[in-house]
Amino acid sequence: MIRILVTGGTFDKKYDELTGRLFFRETHVPEMLRLGRSRLDVTIETAMMIDSLDLDDEGRQAIVAKCAGAPERAILVTHGTDTMVETARALAAASLDGKTIVLTGAMVPYAFGSSDGLFNLGSALSFVQVLPPGVYIAMNGRHFRWDAVQKNRATGAFEATA
Amino acid sequence: MIRILVTGGTFDKKYDELTGRLFFRETHVPEMLRLGRSRLDVTIETAMMIDSLDLDDEGRQAIVAKCAGAPERAILVTHGTDTMVETARALAAASLDGKTIVLTGAMVPYAFGSSDGLFNLGSALSFVQVLPPGVYIAMNGRHFRWDAVQKNRATGAFEATA
Amino acid sequence: MIRILVTGGTFDKKYDELTGRLFFRETHVPEMLRLGRSRLDVTIETAMMIDSLDLDDEGRQAIVAKCAGAPERAILVTHGTDTMVETARALAAASLDGKTIVLTGAMVPYAFGSSDGLFNLGSALSFVQVLPPGVYIAMNGRHFRWDAVQKNRATGAFEATA
Amino acid sequence: MIRILVTGGTFDKKYDELTGRLFFRETHVPEMLRLGRSRLDVTIETAMMIDSLDLDDEGRQAIVAKCAGAPERAILVTHGTDTMVETARALAAASLDGKTIVLTGAMVPYAFGSSDGLFNLGSALSFVQVLPPGVYIAMNGRHFRWDAVQKNRATGAFEATA
């Protein structure tokens, strides 16, 4: 059994056709799981729906608390890419022994057609089932330990730190 | 480093607008990897482009030979779902020690918009990086050992055998 | 007020993921009108859901009868492209004075993402509002009188006869 | 022969995955015409690529000058919806006798999948071929004279003025 903790991020942004702005409403994760014909036993919980640039320490601790309190040993966190590494660090600091936590997100909103979201969701759900306990980021088809990854702002890709 | 061995299947079918029939041309895997912003080091090889119902023993042995001859230890095989289990069995019978081979496919062609293909590709590429040597099928967000899986023809889903 | 008479055709074909075949269920026209943010006053009626190669004289006369009996003066008929010209001819032979009837279709199913269907629907709905009474085909952004058009089987495009 | 004058607007906005902002690059009109299997004889000219809220009198006069100088009698102008009515008024004031000018746009960027753009393009290209000389707006499947239309900011739809 897997818990999917939704926090927002580009993944779930929508286009408001009246204002021309991007905004959040409900998560697309259930629709994405249907599209992927997923047969995994998952529980989806929306912790918040925000841009990860707007995520402060309090919000980050709320994510940690949700993961600590979840009965599942496998947890997938959908998250904006800009501060995904910071949240991974906060989760690692909490020493949630025995849990495998994988964070993922998207560079383009799922609703926009050209999104990496469905690929990333398939990837992260797979990693979370087989990686040993710990905190990881799954992006670009790869997985990284929380303390060995950074987002390259020039390319948008996640890469290993030296 | 991962080898992606393309064999066709629903995954890669296209719609011929002059005849109204489904057909194969080139694989969509490179385009799908771009969409997924994959940063994996992969080599893509097209072994054949056929419907897996048309795959005979000779074709199946050609796939086995390609996997045996590949220098990579991680191999992803894209394959039609109808006889995916048979090909997995043939690969297992060949005892390719030290190799992790994952087969995946799609229920709907990637080109048709409502496809599970991108999800499955992200999933299979992740499993192939972390599973121990052996032959597996990755579908519906799950992975199965070659000898513990069947396709449920009524639902289209892969499931564990008793 | 416009009547949209649905008869099937490539326009409305779907992909059956269990059998790998194309089939019909309900028309996509309401969904397409929503996507086009249409504010037209339309009544949608499904006369039949068939491949136009399977349409015989009886079926063709049923379409003529539906058009003759419709209270609207503007009628859009969605139709397979293979025998669209034959149905246009049958409609013209019925001398439905005062009615503007436009037939349209698609080369690729609407559900497949790369379809011309939405473009054709926008085009045909526009032509039907402003063309004088008569029977027309609207395809490829153009409109043709029923007796001055043919489908070019090699290119898939509709073109004027000499 | 039809001239398509591109000015930007939501129609042509793209998503910048590095900054999360919407921006313009090249117009999608050629790709949209391919998707619609258009066989119309068109010349595409990009006058500018801007949000119509940023269009000032000078820009508006540049659009008028382009339309006045175009050799074609049928001109389609792609335009942001927010000030489309103002540009239509400026075009009408220029008294471009003998020309049929149709403005259209989109509520959602073409690149975002759920766009009305392809429907509107098919509609506007059809109206421009058959309406008498004058200046019109084509949106929501309908056409309006320049002096009898307003955008309803609450619904996003264009509607007739009283």
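Each chain gets a letter, A, B, C and D, in the order it is written, and its residues are counted from 1.
The definition used in the following text is that contacts are C-beta pairs under 8 Å (C-beta built on N, C-alpha and C of every residue); 3 or more make two chains touch, one makes a residue touch a chain.
Keep in mind that what you see is a predicted model, and the values were worked out from it rather than measured.
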Name the chain pair with more contacting C-beta pairs, choosing from B-C and A-B.
A-B
Give the label of the chain whose average Cα location is farthest from that of subunit C.
A
Could you state the distance in Å from the CA-based centre of subunit B to that of subunit D?
45
Between subunit B and subunit C, what distance separates the C-alpha centroids? Give it in angstrom.
39
Here the gap between subunit A and subunit B, centre to centre from mean Cα coordinates and rounded to Å, is 26
Give the residues of subunit C that touch two or more other chains, as numbers and ranges in rising order.
107, 114, 156
Can you work out from the touch definition every pair of chains that touches here?
A-B, A-D, B-C, C-D
Under the touch definition given earlier, write down the residues of subunit C that touch subunit B in their complex.
10, 15, 17-18, 20, 22, 51, 107-109, 111-114, 153-154, 156
Could you pull out which subunit A residues touch subunit B in their complex?
32-33, 35-40, 107, 114-116, 118-127, 129-131, 138-143, 156-159
